[in-house]
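What follows is a short report on a single structure.
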């Protein structure tokens, strides 16, 4: 991830916290000359993501702060692990602390949740992907966190892959019409995915296969049959109602990808802290 | 909440989804003239927040879309409840759908979690507040969601109230020095809160009370004693490690406020959907 | 193309022209009450793109201006064709005129150049695509113009498709290593394209085919052989040094796509004017 | 040109190319530690403009990239000339390459076209100027390119000089009324230019001369007469339908300035490349 | 002045006041359904500027607010004059009130101060201009206010006229060198002004006159001599230490323009209020 | 004040001055290699504020400029005092000069005016505060200047303290209703202030006191009585029509705070200059 992709987000988050008056407490109570050395630690076990973003947060407040990372994004750590040393003016550390932790805790929460599912399906060869159910404004950061957790990214938005859903099909007058309309207008670098709810729909689609088929809300039985029907002619993606408990059995059906909204929209924060 | 406080956030979220190419699928598969009537529904029981934001999302994509809300922010609804009718060009509804739902699901998740705690402490007179542990860029929206869930807002950032923590105290050379330094520089409209970890610290503080005392990570026994020591001279706020299970017993200690980070940073999304 | 994708660009262009002082001439010389009816016409024959953008330019200056389009984007028109009637306060028309024409002339120039090539290769089944050699800040508008000229879009940027070029291959230590590294990290919705300069490279690539092969700077003889070697296992794209004269013979080699930088970066403006 | 005038444009162009996912190919295929040394070269003979902008593009991606310019903006170079050495991390060079070249090729194309006309009219003493027919968002950069090609800039927008055209005259009720209205409201630092289409109009204007007269679409005969009529009382500017072929004969009529829209809106790109 | 020139400034000012939490008082204390009719009045006599900006401020908060202006910008009013009726939801009026008044009071203060000087020099034919000593971010609005007060604008910034000062002359090696360097590079639409401190410098300059001469900090005697020396060959502008008292005697020296920094940077606010 | 709170304002002000063409004069008349050493001086006696902002302005134009401050914000200086040495490329100093001085002169003007009042009330123990009558876009900078002049800040906007005025009371149906409605919805970190116009209103309010009472437009007699009525149960703030002459007698009434709009909206600029 390049800094240009998140620096404005970091500045926005800092301005959101500084408001119009700045850090009243630190400016008044902490001498300008005080320096501090703090330990950025994981309070819980988990998978880390967002260390670069947290470091950029400190640097945006004060370029003289030195963040010395001890682990890299993607590291799986135990509770108490030192993630980075943060040294610099005490005021700067105190001012940036909460915003840096908010990024790191949020992204690591997503990476940890992703990692949990990826580990659960280990050996099945299935890829774990998030969806477009991301927090507004943070999609690039959350997709990065998914990758750090061992997941693979689904499309980034409405324009980098086609996803034909039931409402598109209804509006177009049928799946063939929808696919034909898309093919007529789309460039050669864009993949087409079609959502099907039933094996009957799948049978129709497979006669003129697209790149990816989304098997929506199917049972493991149906998924297994679907994989047989597709027979390698399309990438198969299972989605809908997948839980941590069901993930492995769904992965075992032979689908290529499982996509899960809650690894981005409902992952709990990972507890990280800055100890002075 | 005024639209000026979130409209740029809504536009940013839509541009994040549209990317450079726009909604490829809807533009190609759905006729420009197709219209649709969709039902915005809660798939889970919960407390709703963000209806205005979701409506603004549809309107930003297409001012001709009509969103007819059936409930208001703050409503506690059962699964299946119709939240709003959304009528307009099918393309516009499909293009805005995911972004609108991302706002509504995220904010309603926070409202629902808040409501759960507020209900749990009902009758104790305690106020339930969030912290500054919010998602970067979304603080105003998340604080609104907390209010809709029956909570009360803590400070909005570093500049609208003073919060003197252990590191400030250490850097200032003691709690009295820290409080004195703050008082010398602060305007008359700003409240001062001091964090204490022990009853000994509290005894020192109460001799020269500030507006609010944060009782950090205390047992219910300690909290009860603390309330006695303060004897109404400061607002008392309990924080640290509060769980849904412990909330009521903490509230019962007589503190005025309990503040909880996870009602913003770890609240799961509320499942909302747009049914065509 | 949704207005959210270009409205900020339109506003920026208007502010660039208004500067700090605004339209001195019109404000001083033209009475505020004067109204005008103007004809937006093509002075040259060509293919039109950007009518919505031009209309938005007038509306941004004055919502009371009415732009009544007589043709749609994609229309092939002869010199003198009326494109739209523009009615409203004379000052508003004069202030917006140059910016609106700059958008329309630039985009129609690209559409016209694209159309010329598309017509030249008619019947060969080849798709004509632009590249990333677009004018900074205008990529979405220019790609739209290519579509309006009958072309098909190549990738929108560095993140919606993989393009492995010679320097990537060199840095990765070989084409197999590069492809393997990409496959290990990429999501299932992203296509992979590899650039080859020689038939030998192509022979190596085709053993483990990717989605698209870019045949760079090959002769028509080489292209014909390349198409034979690929034998439908990858989409074939010819690029490099294609001229209006050579386009048809290259298309006749059987490649699927020809991509041409100059249809965006060197297309001359189409002469459009606003006649009062 | 000061960096503050184009840095946001450079960042915007990079973000346009990076999208939400960044440079997928380079991040996956190129080791983070790989360094490269590349030669920025002109593939065609031409006049260079935009080297500072291209260098800033590399630096925005990575401050550690060193761009060592071998020529300066305004240099007239032959095909194959080394323009700059670019050294740094291979990933950074690959990520910034296309955007940097897009700026440099576009600006050098304009400088080259300008230079061609300036050379064609050498010795006549005429100044070659562009118009407001510039690419939306890039006016400052394009005007800089014109200067580098030996041209002189016309006004930057609607607010730094007055230009009274036929529609203003019609709306004001005559040229005298229009000029009078402008003079009554304009500050003493602003020049006034009036467009005339005929010698009769010029005769009327010259009785009460303004600063500059635009002689629109006149023949060389008419221009020669116009110069005689003006007799030094106004700066004379010829415009309209000037071609590379006609430029010298128009310049020879004795006008002070010729202004040409196509040197900005239709100049073909100069072929520049980055060779690793 | 076109709305595009100030709308972002208005929105920025409103966001500055709303902060992250919005108008707490009005949202809590005022029923959403309450409507109000308020009178925008001048508490002091003065010259009004900024009514459109104030109206836009109310509309940005709530498009349903109706502002019915009773006077126009430039009007000279007595204390107590009704400037506009403002009708709409009470909350919206209360939320926008202070920001609208801040714009109107600031701009009217400048217009009133300008008007005072313009009236003082009435009959001398001198133009009263402001300088670049404007409030950061508000130059366009302040220059508009000067025009509304009967003044004429000096240049808008560093790029719409040349101003050669003593430091430029020193760096260039003399006034002739500085003027020659500027003439060689400047377009035909830009005026050149040179600052002189003494009649000796003026004598040198007038041999090769530029467009405007700035007579800096001269006595009325010197100014009178300077006007004689120039003898109409340049526009003459007096500046430096002009007070309300001295303005008329300076104007009487025959200079064309007097420019005064304090009409923008030190004009006291005009007292305006919104009476419910 | 943290740089993140004003850097965008500085950049905006510089772009406002540079326009589209940049500093024409310095770029043409001053050799790129010329260096200069300049003295930033106070031409008038006063209290300084904005040195960091002025220094940032020079650095934004050219990071190689060195600003060596000789005094700090808050310093009270006599006419002629050297405030800072500014060394660097001559062009950069000339380009940034006016914008840097505009910030410094504006902010120092406010600090000086504040200081004057603070000195006038010395010994009374009263705090001097500004209001929300600030220049649009500059509130944070102006509030900083007030602090530097020895004043104390009032609330920063509509969201960091509640201020119940007559119109709120009228709309709510009485002061008790208004206060009750606010208390029901406000967090525990927000203070409540109520404006009263008469001692009768004060008597009503004091029965159920809020945090602060604004005593609006009262005579010194009334203020003295009001202080007696309040008897320490609320902070007392006098406002309305306070002049430099009346400030001390008002302060002597025993109120805690006096708040004055004109120290921000009508403070004259402090004359500061850059001498080369």
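Quick notes
Chains here go by letter, A, B, C, D, E and F, matching the order in which they are written, and residues are numbered from 1 within each.
Everything below uses one rule, namely that contacts are C-beta pairs under 8 Å (C-beta built on N, C-alpha and C of every residue); 3 or more make two chains touch, one makes a residue touch a chain.
Quick caveat, the model's predicted, so the values are computed rather than measured.
For the pair chain E and chain F, chains touching both partners: A, B, C, D.
Most remote from chain E, judged by the distance between CA-atom centroids, is A.
At the far end from chain F, in terms of centres built from Cα atoms, lies C.
A straight line joining the Cα centres of chain B and chain D is 51 Å long.
Distance between chain centres (mean CA atoms), chain D to chain E: 32 Å.
With centres set at the average Cα position, the gap from chain C to chain D is 22 Å. Separating the centre of chain C from that of chain E, both taken as means of CA atoms, is a distance of 44 Å.
Residue positions of chain F touching 2 or more other chains, listed in rising order: 16, 18-23, 95, 139, 153, 156-157, 159-161, 185-186, 190.
With chains as nodes and touching pairs as edges, the resulting graph is complete, every pair of chains being joined. Within the complex formed with chain F, the residues of chain E that make contact are 9-10, 12-13, 16-31, 34, 36, 90, 94-95, 98-99, 101-103, 105-106, 109, 132-139, 156-172, 178, 181-182, 184-186, 190, 261-262, 265-266, 268-269, 276.
Of all the residues in chain C, the ones that touch chain B in their complex are 1-2, 4-5, 139-140, 143, 153, 156-157, 160. Listing the residues of chain E that touch chain B in their complex gives 11, 14-15, 18-23, 60-61, 95. The residues of chain C lying in touch with chain F in their complex are 16, 19-20. Per the touch definition, chain D reaches chain E in the complex via residues 127, 129, 147, 152-156, 159-161, 185-191, 193, 212, 235, 237, 256-257.
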